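Next come two complexes, and both contain chain A; in the first it sits with chain B, in the second with chain C.
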Partner chain A sequence: MGNFKKLLLIAVLSSAALTSPHTMAWAGTSADAVMRQAIKHLRVPTEQSRIKMILVNRRGQKRTRIVSISSSTTKGHDRSVARFNYPGGIRGTALVSHEGRDGKDTQWLFMPVLGRTRRIATTQMGDSFMGSELAYEDIKTLRVEDWSYKMLRKERFSKRPCWVIESRPVAGHDTSYGKTETWIDVELSVALKTMFFDKEMRPLKVVVSQGIEQVATGIWRARRHTFISLRTKKKTVMDYEKIVINAPLEESIFDQRRLAQWR
Partner chain B sequence: MRCTSPCCLLALLLVAFLWPTKVMAENKRVDNDHGKSERVLVVGNAAGWVVAGLRKGGRDTAQIVRSLRRYRRRGRVRWGALTRHKRARWVIEAYRRGRGRHKRAWLVLRDASGRRQASVTLRRATAGRVQAWVRHQLDPAPLSVASAPTSRAVDLQKPAWALTSESSSDATSPVAKAHAPPASAAAAGEQLEIDALVAGELESGPVFAAGKPAGSSTEAHISSDAPRFPFTLSGAVWAEHMSYLLDREPTTINSRNEVALDMVLSTRVGSATKFAHAVINGLVRADMSDDARTEAFFKEAYVRAGWGPLTVLAGKRLLSWGVTDAFNPTNTLRRTDLRDPLQPQDRGLFLVQAKLLLGGAFFAEAVWAPLFEDPLQPAPTGIDSDTGLLLSTSRWFSGPKQALVFIPAPALADGPETFQYAGRLGLSAEALDVSLSYTYGYLPVSEFALVAPGVMQGAHHRRHLIGVDFQTTFGRVALKGEAAASLTADLDGSDDQVPDSFLSYVVQLEFSSIRLGRTGHELRLQAQFYAEHGLRGERLQQGLQHPFQFLAIAYAEWKYLDHTGFVLSALFDLPKGLGVRAELWHELVDGLRVELAGLYLDGNSESFFGVFRHNHRVLGRLKYAF
Partner chain C sequence: MRFRDIAHLPTRYPKWVLFAIAAITVSLASGLPRLKTVVDVDEDSLPKADQRVKDFLAVKDVFGALKPVTVVLDAGEGRSVFSPQQLTTIRDLSEKLGRQADLVPHDVTSLTEVSDVTFTDGSLDSRDVVGFPLEAGDPAKIYAQMLEHPLWPGRLFDDKKRYTILTANVATDASLDRLYDDLQQLLKAVEAPAEAIATGADVLPVALTRAIDHDMQIFVPLALLFVIVGFFLSFRTAGGVLLPLAVTVLTMVWLLGFMGLVGATLNPVTTVLPPTLIALGSSYGIHFMNRYYRLTMPAGGKGLAYETLRQVARPLVVAGATTALGMATLIVFEIEMVRSFGLLMALGIVFVVVLTLTFIPAVLSLRGSQDVCQHARACDKRPSFLPALLAHLGAACQRRARLVIVLTLLLSALGLVFCFRLEVGVDLVRYFPPEHAQRRANDLVSEKLGGAASATLMLEVDPKIFPHGARNPDFMAKLLLLGERLRRVPGVGHVRSLADVTYHIHRRIQRELAKDEGAAPKRVAPSSSKEIDQLLLLYSMGAGIQAIDDLEDSTRRYAAVSVALVGWDAVAHRRIFAAARRVCDDVFPRGAKLTIGGDAVLLLAFDHYIVKGKLINIALTVLVVFLLCGLVYRSRRYGLLSLVPVAFATVATFGLMSMLGYRLTLATVVIASIGIGVGIDFAVHFLDHFREQLGAGEELGASINATMTGIGPAVVYDASSNVLGFSPLVFSGMVPIQHFGWLISFCMIFSALATLVILPAALHLIGRQRLAFGKARTVASTTTSEVLTHG
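Presenting the complex of A and B:
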């Protein structure tokens, strides 16, 4: 009888555990679904942003870069143009990227000093973007199918309930990372923190997002991303001075034949 | 593989429920001694009991210690006053000793029996670091599902509750195992450091922007981004010194000491396809060593209008056709200042240009340049009456050395006879950029020839130029090339007064940057091969018109974080000449850059570098771009 009572108690408690909101959320949420939702919010039809990048070295010295990026996703393919506005030495430089059918980018670079548009070999995904702690792949829009996801846990980060999801590249995906761990806000599907690991699974860098606000209906974006290299302790702060989502964009701004006209 | 039978599910649920909850650090607002609300960092153990509270945000050790002591006095540290204090399992105590520079403070972690488990000295500690340390001390052992406790009876000596999550963690999930804290001391220290960095960053601003907008506001964003002033001003100002190291004859100019301002003023109205655009690019230069280089001129000054696929431009414009870097055989419709042939500077020509974008990534271009401008090149400045040798202040003059009479090339009268034309048809597709061009223009430098015994005269010569260029990429390699047939009035090479027709071509291989061992170090490599020869393969007369017969260039650039770089170029003037150029640059602050460069030349008298082998030079430049 005693054993029976114990079993009953356990059964009741188990039911309670099952029906508690946390358990329900945990049981009903897959990592794929969370990431799909988060990436869906990133892959908007058009986006324009003006980004101020502050590169801070170990001694606290700062350098500033300002770049305007416009991107468009049509039929699953991304096109983007980045125009560099500051400092003066790179002002007017523009980089156009077209994603091909094979998922790889074709890139053209317009340099005002040369006055011509050059086709450039696709940068290695892990290369530094403008000397910052960002890699080129960090500024590319994520594709759901390029990674496999695993739900690690649910925990609070900076007062917000988050899913912690581990992403590992699928075979054949060109990336410099061994895995990432992302803290995704449960309610808003926006990443608040991401840890990057190298191929040997050593921590590489961490990015923290701040100033999150709604930039379009249901779409939340961070106004500031701070990338911290865990190897060099250098830091890159990306301040979004402007974010425009889903505003109409002329397709011709991505036309490499027109790049020189924008000088 | 997952078992979905009812028994297994029930077992999973049981384990899930009985799993100890979490160890968590979080922010809470509490009222301090003065009745004000302040943020407190609260550390809890696996059972959710609060064991420590620190005031968050303070960077001073003493401040943290004071906070700890205050909370301790009020029972918040030692007994976890916020929740379940009587069942607290871990205790954090704070101590401070000494004053001033000798002040030292530390935290001690004790278990419920009072045994000291760990301690940390607080030197410049932040709340984040303390938090990370506490978390690490509470979670030293990796979690193993197999060894997961099935009750709340926990061995205090070997704490097994390693999960750091506050909320529901599925004990049966293998991911819990995957997220076990780092086992090695080094990894644990690293994690501690990461947490501290993140915590420090979060202190700089809130995760959410103040006043969250309720809905879309894209239009407002767009209008706020409109430029206040429709003109853009950019450019650069620099001071430069260059010295030739050898053979510093008093009759030649052996250095360069210039200050210059290169300024671009532009304005643009309209959209991407319907627009009007105006650009003025002027250069003002003062050279204390060479009066001929003290000048002010417009490099470019044009207006451009676009209407759909058609763009029309009129004014002084620097055409930039071709795809390669050092040599562009197809890009000839321009005025180039070759007075320093190793540092040529291009200037625009007055022209009218129309560009039409066609379907399928094709484009067509037509150019008409009605005004001819004399090329700028090293020229004789007189004849030595004693020796009969031609004199020049330039160290790069390489024409015939002896004459009785020297007559510069006559200025050409503007008119239909001197019009220059060019056209281009191109394709810019996903896999390949290619274009075919035709130019009816002039050779880039005027040729000096003996027109009578002892009489040398310069002349401008017409040519037809048919060119093709392409660029494509293979993975991390870009392959580019240009070829041009330059057809003068002397197709068969029989007329001594007219330069021979010739072929020129260049192939360039460039590799995208290669990351070197340490973060931020990159290497760029490039190789080029350039050749010029007569239509039948014959060697051309070496001079400024044809400086190189065959030239191979190897280029390497090391760059560190976009602010420091070293460039090394080797130019092999085949078969018997060599030029080596090294340049070091550093960006002092945004836009301000210092450059140091050196050039070494060697070879025999049949090569361009050999002829000028005494023109080794060094250069220093301070440049600010705005």
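Presenting the complex of A and C:
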């Protein structure tokens, strides 16, 4: 299982979704600086959201899951808790994730059928996350130093002026991607589209972000992210029904021993 | 303009005719580069109204029709796939497959890519079973864990641990040619003694396409070479070789070019078009040149060419029409590939006849009589062995006419008995010879890894009987029972449903809970749909949501049972499906409606239409030949007589086919049409010549003898040329095409023999009185020809 705090971040960040309201502050600077600024703006102290995740298979059939996620960043470490609200059969299932000092995650799962909270083993990086078009790699914390960035061009996307930034992995960084290309709204500093390429530089998947809005002062988020596999034509739509930034959160909600109390 | 005027054109305006032929050739040749080879044996080739096709599409609509690539890995004699070296190889192969451009990324199922829900010291673990780096003792633990899984032993690895399979799904926009080449390249890296072979529904057609292309490179030059030899042996003149050869080549260019222009493709059926055309094209040329050389006209050139044309036009047109119509009757088949073969072949025959009656006389009109002289010199040197032999044969058949007919009837009855034992079966794998990698891979999967052919049993769940649909615990229990009972059906290999994994995870959890409480597991089955939802959520965490999508639709109204079948025998498949329906009715007397889909169902439909189409086709071909010959000769008796040789040849060929154990397949199904279509030519030429003799006032015996010596050699040359033309097919890389080559060659021999043995006997028994006719036109024309003809 993945870290839902990261899921929230990556929904915006792995696709290099940038949240700086001060576009002109970095205009003309290097793409590297742009990414550093973006990641800094993403790390908010607390964030709560309710996500409707629609998995569309290659035959167009949909499976819907609704997940409530709360996350917190304290002293640079992420913690998150995800609770499944829908479908009814899995209501009560909860997953908590703590990022350790070594950067590795520890996760616990509560599911009524399991009888008690169980610690779960770390998931493989390249696997699909919850059957979606997101790979676990996509929801790992993005480290600026793992990638090198290059400003490719300026062009319009969805009638908006965008920077197109290319990200390539630095030597030694373990990733299944050869590169990504991100269209970033020049004025809002939000990614509108990202193309993922495999090691042979063939297009792999694309994510398009829509409904960009300011959810808190200086904090911008997309209301919808649509991940489309260019190989399988499968799709994952993530609709953010609710986003609350920097509201106080009880520490106990991240306590794995209390997962069973929530129904 | 009268026919006579039209017939005059090639000899009166030879240059214009040749110019027109050249112009048409250039136009049609422009389509040659567009001709493609496509092998796609799918539901589009079958009628949509067919219930099996409807079922196939219904299942496809809900569960899709994935075409996975299967890589069979053989660790080698006495070696185990659970060794660290082989597991590393499997991991590397899995990674490479996961990154292959034409496969769905990271969607590989293999020993190193499967995950299971387990508990380690109370922690839940849904990771891959095989973790790297491997430590000492790991392979043994991995094997022990995998043995516990309900779906892996016998599917992911065999009981001797020597073989395993890796599967990956083909991407929707995949280039199958590139995928095929990449896979061959990738699998070369597997170190001996291990060996890996890729196969699957998208690999087989490419392998077949390559085999067809390879065949084409061999067939055409070899067939041409063989018929050139045949022409030379028949005529021993430049014209006797080059003119029929030119007709053959031009016909091929016209037809293949036309196919390219209209978008028709080469496939396992139409691949026999070129050699068939070469064989047939040569026949028409042989008959024309045979008559040309048998006429004497001092002036040679135009006069001789015109007279030849006048004499052969009718039998050639009649023979062409019967052959073309015989081929066109293949339109009754409801399999697209066979239909298009029939129509294209009919068109090819039209081209052959047109070119024979225009190109050859036009060229001959421009030449002097040197060719005739050359032929005469060659004939002078050549002993008249064949005509003499045929004369003896004709005489013998007349003397022993009753014996000949009785033997014919006995042999026909014997042939018919064998015909009823003829096996039918479309089996793409059996297209390859036993030593071919595709054949070996599929046989290995069938024998060792749970079966290569696949079927999907789709159950539509009635929510009134089973609330929550496929997630209902009672339904799930019955689904498990269904799977268990299906596994006991002979011929059924691997069976997979969501019930297997649901119960497996449930057992694991119950065992863990019991361990927590220090007691024995309490429940053997999940008790609520909520519990099943959670169990399957756990399953999807490791295996992915696709693993669920493949076996249950998102509305939970449909559940699938994936059934692998051992072997590709259609008869066995039919029996298995009948048994599956009985088992399903027994397990689900109500609440679930069964629909069977999958590739095996399509193959059954192909079989059905091959048999149905074949029977209608033979009946229709016989009727067309009878009507046409009866109409041309204005005699029912002659119509029936013309059928005798082809009827015997057809029964004998199918009987032989059955004796040799050859199957009626997409390739061999067209034998009857070609056999009748070509074989009828012999009878038409024979009867036409016989009637000429009879019409000229000859006695019955003399007419038969004159026909045996006059047209008999041409029949022998024609049959020999056909056999030579078809013989390259026996070198095909595809087994049914090899069978086709042998059988059609035998069919030609049977037809020729029947014409030269049965017809003389039959004519003798019928007697002159019943065979007599009085058509002034024929008598007049034959009188002219009699004057001009040798003997």
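What we mean here is this: the second predicted complex is superposed on the first by the 218 of 263 C-alpha atoms of A that agree within 3 Å, B and C clash if a C-alpha of one lies under 4 Å from a C-alpha of the other, contacts with A are read in each partner's own complex, and residues count from 1 in each chain.
Here, contacts are C-beta pairs under 8 Å (C-beta built on N, C-alpha and C of every residue); 3 or more make two chains touch, one makes a residue touch a chain.
What you are looking at is a predicted structure, and each value in this text was computed from that prediction instead of being measured.
Colleague: Which holds for A:Gln210: it touches chain B only (first), chain C only (second), both, or neither?
Modeller: A:Gln210 contacts chain B only, not chain C.
Colleague: Taking the superposition as given, does A:Pro87 touch the first partner, chain B, the second, chain C, both, or neither?
Modeller: Both partners, chain B and chain C.
Colleague: Touch test for A:Thr232: chain B only (first), chain C only (second), both, or neither?
Modeller: Both partners, chain B and chain C.
Colleague: Please indicate which partner A:His77 is in contact with in the superposed arrangement: first for chain B, second for chain C, both, or neither.
Modeller: Neither: A:His77 stays clear of chain B and chain C.
Colleague: Return the chain, chain B or chain C, that is in touch with more residues of chain A.
Modeller: B
Colleague: After lining up the shared chain so the two structures overlap, which partner does A:Arg58 touch, if you call chain B first and chain C second: first, second, both or neither?
Modeller: A:Arg58: touches chain C, not chain B.
Colleague: Who does A:Lys150 touch here: chain B (first), chain C (second), both, or neither?
Modeller: The first partner, chain B, only.
Colleague: Does the superposition put A:Leu114 against chain B (first), chain C (second), both, or neither?
Modeller: both
Colleague: Could you pull out which residues of chain A sit against chain B in one structure and against chain C in the other?
Modeller: 55, 63, 87-89, 114-116, 118-124, 126-128, 130-131, 229-233
Colleague: In their shared complex, at which residues does chain C touch chain A?
Modeller: Chain C residues touching chain A: 61-64, 98-99, 101, 103-107, 119-120, 122-128, 169, 171-173, 471, 509, 513, 516, 529-535, 537-538, 540-541, 544-546, 548-549, 553-555.
Colleague: Would you pull the chain A residues touching chain B in the complex into a rising list?
Modeller: Touch list, chain A to chain B: 10, 13-14, 17-18, 20, 22-23, 25-26, 50, 55, 63-64, 86-89, 91-92, 98, 100, 106, 108, 114-116, 118-124, 126-128, 130-131, 150-156, 158-161, 164, 166, 192-193, 195, 203, 206, 208-217, 223-224, 226, 228-234, 242-247, 250, 252-253, 255-258, 260-263.
Colleague: In their complex, what parts of chain A are in touch with chain C?
Modeller: Where chain A meets chain C, its residues are 1, 55, 57-59, 61-63, 84, 87-90, 93, 109, 111-116, 118-124, 126-128, 130-132, 135, 176, 198-200, 202, 204, 229-233.
Colleague: Okay, in this complex, where on chain B does chain A touch?
Modeller: Chain B reaches chain A through residues 10, 13-14, 16-17, 22, 24, 26-27, 163-170, 173, 175-176, 178-179, 190-191, 193-194, 197-198, 201-202, 204-209, 212-219, 221-222, 224-225, 234-236, 266, 268, 271-273, 275, 277, 279, 304, 306, 311, 318, 320-323, 325, 357, 361, 363, 428, 430-431, 433, 471-478, 480, 510-515, 518-520, 522, 561-563, 587, 589-591, 593, 624-626.
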